[in-house]
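Same chain, two partners: chain A is paired with chain B first, then with chain C.
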Partner chain A sequence: MGETRLAWRNVWRSPRRTALTVAATVFAVFLVVVFVAMTRGVHEKMIEDSVRLSSGHVLVTAPGYLQKRTLDEFLVLDDAAVHTLDTLPEVVGWAPRVVSFVLLSRDVTSRGVAVMGVDPARESTVTTLSTRVVDGHFIRGGSPHEIVIGERLAERLGASVGDQLLLYGVAYTLETAYDLYTVVGLLRLPDARLERSMAIVSLADLQEFLVFGDRISEIAVLAESSERTGALRDALRRGLAMLDSRPVFHTWREVMPDLEQLIVLDDLGFYVMVAILITVVGFGILNTILMAVLERQRELGVMLAVGLRPAAVFRIVFLESLMLAAVGLVFGLVLAVPTALWFEAHPIHVGGTMAATFEFVGMEPVIVFRLTSSTLWKSSLLILAVAAVAALYPALKASRANPVDALRTI
Partner chain B sequence: MRSGAHGRRIAVRRLRPLLLAGMGCALALAAAQGGAPAETQGQSAAVPGVRGPGLSLEAVPEGLDADVLARRADDNMRSASTYFHGRMTVESPRLATPRSITFESWEDRGGKRSFVRILAPPRDAGTGFLKLGSNLWMYIPRVERTMRVPPSMMLQSWMGSDFTNDDLVRESSEVEDYDHRLLGVDPSVEEAPGRRAYVLAYVPHEDAAVVWGRIIAWIDAETLAPLRQEFYDEDGEKLRVLRFTDHRRVGTRTVPFLWTLTPLDKPGHRTAIEVLEIRFDVELDESIFTRRHLERSDRDG
Partner chain C sequence: MLLRFAWRNLWRNPRRTAIVVVAVSVGIAGSLLSMGVNYGMVDQMVVTAIRTELGHIQVHAAGWEDEPTLQKTLPGGAATVVAALERDPRVRAWTRRVRGDGLVNSPRASAGVRVIGVEGEREGDVSLLREALVAGNWLGAAPRRALLGESLAERLQVELGDKIAVSVQDASGDLTGGGFRVGGLFHTPSSELDRSTLLLGLGEAQVLFALGDAVSEVVVVVHDPDEVEALRTSLAKELGPQVEVRSWAQLEPLLVYMVQSFDMMAWYLYAAVFTAMAFGIANVLLMAVHERTREIGMLRAIGMSRRRVVAMVVLESMWVTGVGLAVGMAVALGATWLLRDGIDLSAFAQGLAAYGVPPRLSPVLRARDFGMPLVIAGVAAGLASLWPALHAARERPAEALRHV
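The block that comes next holds the complex of A and B.
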């Protein structure tokens, strides 16, 4: 169409100015896409790491458990509930657990820890705990009186694989509970605090130790990805509504509010950066198009004088702006996508103080990238929208030019 | 105005004494010296740092000092060396019948040492607790193990009761962490109808590492025996109430023979300690407060 061709030619009338604007756009697109990919990647990794260390995407508990964490808040799984959990398509993995605070001691040295009773087979469908054993092996199912503890906890207790530890606590029946467990493995975890306080025994052992019957404290459920968390929770809510113990369903956001806050804070900084970049690009485009319009007053006047409708002039100028942005966008994506994909395949391993920072918040010191199609089309739309907004004023100005005045200028 | 260090020596010790000392220091709560001088205020005033309805109190007679009162209340419940024999009964919605535990304890007040031996039930018989200063050791005869109870476990239940390990060992020096004020005189205390009680507020110093935000104690105006203690968190929320009833004469002292602890955040839970025997100023053998004694499975004093 004529208008499009005209607009395209106009874009390249002042190649240097156009090139500069395109370069700015390319730069902005590149930064936005790569940074979105990095931020998303890091956030997803944070969530996955945390979720696969502890709560799953959704944690099912009795009311009040998250606040009190005592044996008073328990669930009982019946066959129907087990069947539901096994068959719901949203459930990728699920693991029942008992958690209690106990005293763990070797000789005279002792530590207060949260001991977790797990079913090893089920646990491995949710968490990566069993793969994090660096010495020895993970506990077996049944009632083997085996215990796996964090490496740092072992260090503090002076315990190593093969040692016997005394577990001391208060049973559900309010009797004192004590028993000896053999250390069969040591866990290395990205979260140092967790590693200092984690102890795992078999579900059956802990239920017996606490005289807890077939009660459990929590069920960790894994979704396909963190984006599916909401869908998983809704499905569980419908599927487990019949449980007597009136379960409540917490997403990882509620279980790990610190993580949620960290991500929100991080996102906020990121949005500010994107806003600045986009504003700069917007003004760049505005400047280029406005200059082009002002330079072409006479020409536009002629066009209007020979009968071109103002609406057509508006469209031409508007198209110029979009084209400018589109060219920048294409080149930006051509640079950004391979870069992001390359980093996605080759995560950055950080070291030094940076690594310490990562570990402090419980993450592996790795920067992962994650490029999604939604990132691409959202960034594209954003750039085009900015270009469209930036074009409004010059396009209006051009279309409203008075032919007589315009012909007189210059 | 704060009284000098001399006044602080006897501090309040919450319940620890109960268990360990068997007697009272804690009871007495009394003491945190260092309080402001008695203020005469009265009438239904809200207590600072405490939520809920104010107390309807009468003004305090002139010349009463909160420090002195607290120390005397403490002295009433404790002596330099105290023997205690008691039965603890734990009630809970989890239990069809209450669980009961009998124990004996010896306290050397000046040495900040105490020793507790569980006598029953059979499962726990012989279990011992040795407190030396701020350290708490526990011995379990069934597995022949001794362990030191770490600070992180201090707020956990003691023997399944509503008392915590912290109640057992709170260090006496921590008493110095409290200021106390005389709030007024309560003309009618629920625990002892017809008796008048001084009401004392214990306020921890800013930098003190203590569990409670406030403790309010009712002390019999005549005998200085404890009648009631209420424990508040830092937000002024009442967390538990310890009531003292069945007051009896023991020598020159008046001592409550039934202490009932009600945690307000755990409906249906209650722990009572009945005094079976209490003796003041007893002879204490040095060997009581040793690891060797702790690890003896037979259990005579």
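The block that comes next holds the complex of A and C.
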């Protein structure tokens, strides 16, 4: 107990020096917490956006579909399965789809695209596609032969709302299939690449076009949040186990491995920056504590001579370092938390060339922040750990001092 | 004189100074290396784009950039363009291509693809597509061969020698097609390219799309990348308004934006790291000044001006930062040299391939990349020394001399 008080008083013996070191710590803590909140927010948004534009959190398919993506890998849903999907609590929404590659052409221009047949009502429980229509409207259940395409795709084809497009492809029965569809809406997506190749028709239309019967290619399922993906997958596995088609359940990570890798890579880069920052601050703490110890050589000598155990001296110096860091940590958090929370409520809208780089990677040009308690206690642990490591050398030096030599110091 | 004085002052307490120098070095080396990896990544993206499809300059029929349709072609094998290129010594190589879209069918699957007709020999001089061949043969000898990206072939479940059918809409709007055999498979650093591209011989592509002897584009690579813009302007002037001449930066401005955004990131990184460092430097200077109160008092008493005292302290800060910078930069350069064969990032291969970055990445540091950290470090060191310097200068000599 006395050690703690001693350590605390020692810290404040040179207020100016301590203040500078604390300031460095405050600065580092502030930066780390705010930037972790930013990175976390941005990554979560990337996942959310991707997931809510394409595969959902879990994609249910026949075995081999992800690699081959042909009509041979199909699922058939019976009433029991539909009921299960509708009632499972983990399922926030589910959307059955048929996907196939066709040639889309208008007059003399054509593009190969992946056309997706969707059930409009169910689709909007999983994806935000129906809300991204900029001209016209989304597919409506009742009307036949409607097609919605990406704005950029429309530009390439020279098509606009009301035009007719020819769909040309290969049916499930291996016959050639072709039919005319009317453009009823144009989509604008944050992912330019996706927008350039997106064509959506109704599920029933595409099943008829491909002579697919009531088969489907995939089911996109939405969980409450990306953290609940695993739980959703398990629930689906149990619930749909008896389905004939022996479905496989892929998480978004398996469907979009490049997204996950990019996030991890980004995180890595960020951790490196944090490591550098913390190391620099750590050296600052080391220097401060070391100087403090060297200045007090005589005093330490007296204490040791009078009977204080070296282990106690070690502890006192060690504690000084931790306290220094703790003060910096507290003030740093006091500044950082409100700042991060404010940004959480007011995301930054990016413009100009920055916005273009965002769109290049398929993100909306907005920087979102998200502060979680795990960020806070991980940063705290990190700072305290650095302070502990920085204290080792000075504390050892202090405890190993020879009282006789120390007493002779001026 | 003052310089030497400042230097000697620093080393009066070698351990303390050494720790600060190490801190500065670590900060610099770490930041430089981080940025080196980032710049390496962007470099790769640019190089991949240029070497796979963009080339340095592309020539198209006027209006192609806004409306890249099959019908916008350069007639007569782009003879006038070729002639102009042959005359210019800045041009290293050129090739012609036909570009269209279509559907490719195999017995098991189908996929939407871009169909590119290339000139066998010339394409090899311009792009890395030929080197990217992992199986089979390049185009040339055998007729009716198609080259597919490895991932495209996987999707279609075809192998070398298998038959595929390509359906397209030709230049007059008719739906037509042709049968080909898979003659070769390629694997480039860009997963996008591998997944969606089919290569045919130029002549066969022209027949398929009913283009006669017209081509869609002429791609040019130069000897010296710095001459791209100059060449572009002179070609544009020479060839007139019926064609568009564009540089890679104009065709893919995003690549340029990425470089700019990394520069901005570098700013923030250096500013943050050096600010943290500045606190440490200020601390050490303050301690040093405090220890020398008597000495400074004496110096002032015998006539050293306030300004020289300030200068002396500032110089100490500059020395410490300078030494740290030198060591840090040397470490960064050394590490860059050691890592010149690349860092193995194969765990992230797919993510990187989406942006055309190969899984072995070498950090890249050029002279211009050192400018920014130098300036920011200098400013940080200067600011760090302000308080200690002013503190030292403000002491009254009489009181300072009496200091214990």
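Note that in this section the second predicted complex is superposed on the first by the 407 of 410 C-alpha atoms of A that agree within 3 Å, B and C clash if a C-alpha of one lies under 4 Å from a C-alpha of the other, contacts with A are read in each partner's own complex, and residues count from 1 in each chain.
Here is the rule we go by: a residue touches a chain if its C-beta (ideal position, glycine included) is under 8 Å from a C-beta of that chain, and two chains touch if they have at least 3 such contacts.
Note that the structure is predicted; figures quoted are calculated from it, not measured.
A.B. asks: Kindly say whether there is room for both chain B and chain C on chain A in the superposition, answering fit or clash.
C.D. replies: Because the two structures are overlaid on the shared chain, the partners are seen to clash.
A.B. asks: A:Trp12 contacts which: chain B (first), chain C (second), both, neither?
C.D. replies: neither
A.B. asks: On the A-aligned overlay, A:Trp342 touches which partner chain: chain B = first, chain C = second, or both, or neither?
C.D. replies: A:Trp342 sits against neither chain B nor chain C.
A.B. asks: Considering only the touch criterion stated at the top, classify A:Trp377 as touching first (chain B), second (chain C), both, or neither.
C.D. replies: neither
A.B. asks: Check the contacts made with chain A and report whether chain B or chain C touches more of its residues.
C.D. replies: C
A.B. asks: Return first, second, both or neither, reflecting whether A:Val108 touches chain B, chain C, both chains, or no partner chain.
C.D. replies: Touch status of A:Val108: both partners.
A.B. asks: Touching A:Glu175 in the superposition: chain B (first), chain C (second), both, neither?
C.D. replies: A:Glu175 sits against chain B, while chain C stays out of touch.
A.B. asks: For A:Leu259, using the defined touch cut-off, is the partner it touches chain B, chain C, both, or neither? Pick first, second, both or neither.
C.D. replies: So A:Leu259 only meets chain C here.
A.B. asks: Once the two structures are fitted together, what part of chain A is touched by chain B and by chain C alike?
C.D. replies: 72, 101, 103, 105, 107-112, 168, 170.
A.B. asks: Touching chain B in the complex: which residues of chain A?
C.D. replies: My answer: residues 71-72, 101, 103, 105, 107-112, 166, 168, 170-176, 178-180.
A.B. asks: Quick check: in the complex, which residue numbers of chain B touch chain A?
C.D. replies: Chain B reaches chain A through residues 90, 92, 94-95, 99, 123-124, 127, 137-138, 140, 142-143, 145-150, 152-153, 156-157, 159-161, 266.
A.B. asks: Under the definition above, what is the set of chain C residues touching chain A in their complex?
C.D. replies: 15-16, 19-20, 22-23, 26-27, 30-31, 34, 37-38, 67-71, 101-105, 108-114, 154-155, 157, 167-169, 171-173, 175, 191-192, 253-254, 257-258, 260-261, 264, 269, 272-273, 275-277, 279-280, 282-284, 286-287, 345, 347-354
A.B. asks: Which chain A residues qualify as touching chain C in the complex?
C.D. replies: Listed in rising order, the residues of chain A that touch chain C are 16-17, 20-21, 23-24, 27-28, 31, 67-70, 72, 100-103, 105, 107-114, 156, 158, 168-170, 193, 197, 257-262, 264-265, 269, 272-273, 275-277, 279-281, 283-284, 286-288, 290-291, 353-354, 356-357, 360.
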